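Each of the next two complexes has subunit A plus one other chain: subunit B in the first, subunit C in the second.
Showing the complex of A and B:
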């Protein structure tokens, strides 16, 4: 094939086609971004701006949403507020302008910390277990291999509510109800299936010859696994870890049914942030924004491996 | 990869010559190591998934109630199964679920495939726009779904405002979440918003797996673009489309979080999908035995679908 025919290959879409396709995709992307942009805008609105009609795109930015997210406030008489000293910090002065005083920190930070601990704890466990089993399934002749792999995948297909009923009873019996450890174990068991399937794909791609060469150089199989396979699988392990992290971070069904105070994560907490007279939308939006930002960053980091992650390693591009 | 020196490539040849060597030089035997590596995962899954599942099966044959643990448990046999399968409320929930699953899958597949087809034209900046389109899928459906209740507010919501803006209707004349006919569509819209990118991504992989030479051959044979689409593009991307459809089907059959936050099953029970019914029975009326039986029925259904799913996966994989 000459260079002229590759440049104008018959299968290359024409410039007009490309521009047309591009504009449609961009239009979809813009529409699909509206709700997300709206969440971020609402986070910086004052409560009055948030519920104005018609919806305001231009507004005076306010940090009231974030203040309301992080604090609890109590209503006081103007006389009482005047008797207090000067306001301490921005949130206090915002609260006082609404005849309230800051009563204390809200539960958002503890819930966020729970989310972090549970997500990272379960991710570390799931990836560790997953790497070991994936290597086992990839390299050794395991009896009933396909059945075991199917069994591992099928555990992820169970409806969460159906799993939650016996887990609730079991955790109540063994004292794991509403504990971080209980949630870590539960999320690990859900994520380990994804980790095994994804990592098996990644490890399958590492040539066996590397380990065999190392073993001839005197390494044991285990040493070869640690010193040869693991370094080669770093990218795969990192991508898998991010997927597990995102699942555990986003999970809601188990969290809302099995935790109440102590181990509650952010997803069941954010919807119940209420102010006086119903939902405090700027505060909800502020909590949502802070909660979503890490995932947006991770998505951009992961974009090359997304396809693998969402298809359990079946489609590799 | 570069860390392995040329020496390993030489020893690689040695393995080819003497295949037994690798096996003889070892610490633990491969067999032991295989079991050491795999057992922890299996044990965890047995403890957190299988043992509870067996317990659920047992409970589904009894009158057990989690909030009355001291009442003696009576063996009921298959009574719950019989009453569930003949319960009109359950069938109503199944119909709601079917409406939700079918419409979301249809919309997501059509729009998702369309988008993938357009992105495959590789216009300038398609990588960036693809990443942007993918965002809703990665975010917590519960947290984002919760925010949609704000967008759907009749007086102040952005969704209603936009519909009013483009159709000229009054923004407060309709309630997406409070209306019996609109609420099933409200949850379909949010689900399609979240999951269309998922189908798009898989379809894109399918389209990119089609080698150029097939199209070149078709051009040589003077097949029209239309004909090429129906005879090459669609059939060759079909396994991927099927994969996406099955996965969305299974996931939406189990749908809980987004619907729970948007409508909680309401108004009345117009958006009460199976998982919501199950949650109400299990964690609100505490009919543990009854809900266990329903859980088992749902599980068997999903398991059947999952079986087909794995077969489809392997088919795609072998491509």
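Showing the complex of A and C:
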């Protein structure tokens, strides 16, 4: 109100600018959240509510989606259902109200476990390999260093799926098709180039003097690496791990192509949950909602590092 | 503590020859400064002593034992870095105790020695602080603590005061020297600051372009520079260098500078007619009307008790130190004279000082 007479900083944004920028960010956040919120709402709808038109925002919540996600059911005659004892738990009673009985567990849990093993396994492997080679590139006089680094980067220059057919044939020959190991190796090889480049930047920022000091203090280079470099690279390692994990966790195309019965991950499994007479949308939505949880948990656990890690080069004092 | 003996040490990085056949000895308990401009190879030399670089040729002996190719961790040497290299993820206590942990010393003994080192450096009250919040001088002390806690054979320091402000630096110069005397440690100290070197060192090794130009006491370095580079590098302002052409007989007591004879310390070697350089410190230039060099006052720099008078002469600008009580007018014509027993003569081609009576006997009074 007294802007004409109040001295204000030239570099600091004014209150109006700040408010405007803030509302833009909030607006953008809301827009990006809508599909997510819709999926979560759908997970708690009944199949009829899920496909009703116009779409229902207010509805009576139901756990049928989750029940259908975790179970397989079979249709029975009402006489048969009446001949059974009292329903076994919530899902059974929901199924019986639709003239069905729970026949057994679905494949969702094993697929989810596959996803966990493959995504975390490949992340650990990619970050471990990436950290070691980034350290090597950062600290040693590697012959053809620049060419090697460019080669590593060049593996990212085409969409990975472009080599799907050769990989499919290769995997079939060596027996890696539809194995967790095969998927871990595949995702690791895609992620490791990203990891090397990201981590090299972070490790370059850590002054060499730290390791040199440790080596003079009597430690070997490897001990110095573990005790001095790694603790200071945690920010970079956390950021890299999240990038790698998100890729491996969400990857769909290779998972469809290379896995079926044994090592199938959740992404190809979720969309093929078939209900009676069409897609079982609440079950799909429930599967998706649960699928988000590990990434959210992992990101929240590492958020302190992530925020500094994404604004690169924040390691220096 | 230990003696460090460097023999014909050479280091090349690809085509860049960083250190050329450096040789010197640091005796038990001596404080040696490696002094030179940036890029002269002093830090590389220090890093080779520390074991962080391996020499291309030459040997390094610690107490007679050849350690040239030993790993840094196997040398029992402590190094203080310019930027201190304190581990930011550890507090002061753990930083100082870090070298002991490596030796597998138990927690109780470790803590006792950390506290002892902290006492010596007067940082006991900081032990549980994080290193990131410390002031420059305290960081320096923590870095020193990490060095002394292990009681190593010798200390190496790579411009440890470079990152401190002037005031802190003055204080740390005295503190470092006192610490050195108290521990009786052998110390090699790298600096580009001649004042630091002069103030602290028992001996100074002046390096330039990878070559050790002179190893001597601060007084000898100043009064009897072994080469043109040392003469020009040491002293503020540096030695005046007057080029002339002439030859010298052994025993000659004067040189011919322009039209006049200039008395010099008696020559102890003969020199054929060639390009020579006469070196004279500003404080050895006297103003006298009968002076052998005449010139015009160009300007004065007031330094408190003395002043530096720049005089333009036939031989270029000469700087003279004069008591500040005397006043000079710019443009005034003055006569200059040199104190004969302090003059140095250099061979211009090789840069080497020619031996004269100046190099004999002990320190000049």
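The criterion applied here is as follows: the second predicted complex is superposed on the first by the 269 of 317 C-alpha atoms of A that agree within 3 Å, B and C clash if a C-alpha of one lies under 4 Å from a C-alpha of the other, contacts with A are read in each partner's own complex, and residues count from 1 in each chain.
Heads up, the rule we're going with is that a residue touches a chain if its C-beta (ideal position, glycine included) is under 8 Å from a C-beta of that chain, and two chains touch if they have at least 3 such contacts.
No experiment lies behind these values; they were computed from the predicted model shown.
In the overlay built on the shared chain, the residue A:212 is in contact with subunit B and with subunit C.
With both structures placed on the common chain, the touch criterion links A:249 to subunit B but leaves subunit C unconnected. In the superposition on chain A, A:25 makes contact with subunit B only, not with subunit C. More residues of subunit A are touched by B (comparison of subunit B with subunit C).
Contacts of A:163 after superposition: subunit B is touched, whereas subunit C is not reached.
In the superposition on chain A, A:220 contacts both subunit B and subunit C.
In the superposition on chain A, no contact is made by A:117 with either subunit B or subunit C.
In the superposition on chain A, contact of A:290 is made with neither subunit B nor subunit C. When both complexes are aligned on chain A by C-alpha atoms, subunit A residues 209-210, 212-218, 220, 223, 228, 231-232, 317 touch subunit B in the first and subunit C in the second. Only residues 50-52, 71-73, 75, 77-79, 81-83, 85, 87-89, 98-99, 102-103, 132, 146, 150 of subunit C touch subunit A when the two sit together in their complex. Note for the complex: subunit A touches subunit C at residues 207, 209-210, 212-220, 223, 228, 231-232, 317. Residue ranges on subunit A touching subunit B, taken from their complex, read 9-11, 13, 17-19, 21-22, 24-26, 28-29, 32-36, 38-39, 42, 50-55, 129-130, 132-133, 135-137, 139-142, 148, 150-155, 157-170, 172, 185-186, 188-189, 192-193, 196, 209-210, 212-218, 220-223, 228, 231-232, 246, 249-253, 256-257, 266-268, 270-271, 279, 281, 284-285, 288, 291-292, 295-296, 298-300, 303, 306-307, 310-312, 314-315, 317. Residue ranges of subunit B in contact with subunit A, taken from their complex: 1, 3-4, 7-9, 11-12, 14-15, 21-22, 25-28, 30-31, 33-38, 40-42, 44-45, 47-53, 55-56, 59, 66, 111, 115, 118-119, 121-127, 129-144, 146-148, 150-151, 155-158, 161, 171, 193, 196-198, 201-202, 204-205, 208-209, 212, 215-216, 219, 240, 243, 247, 250, 253-254, 256-257, 260-261, 274-275, 278-279, 282-283, 288, 291-292, 295-296, 298-299, 302-303, 305-306, 309-310, 313-314, 316-317.
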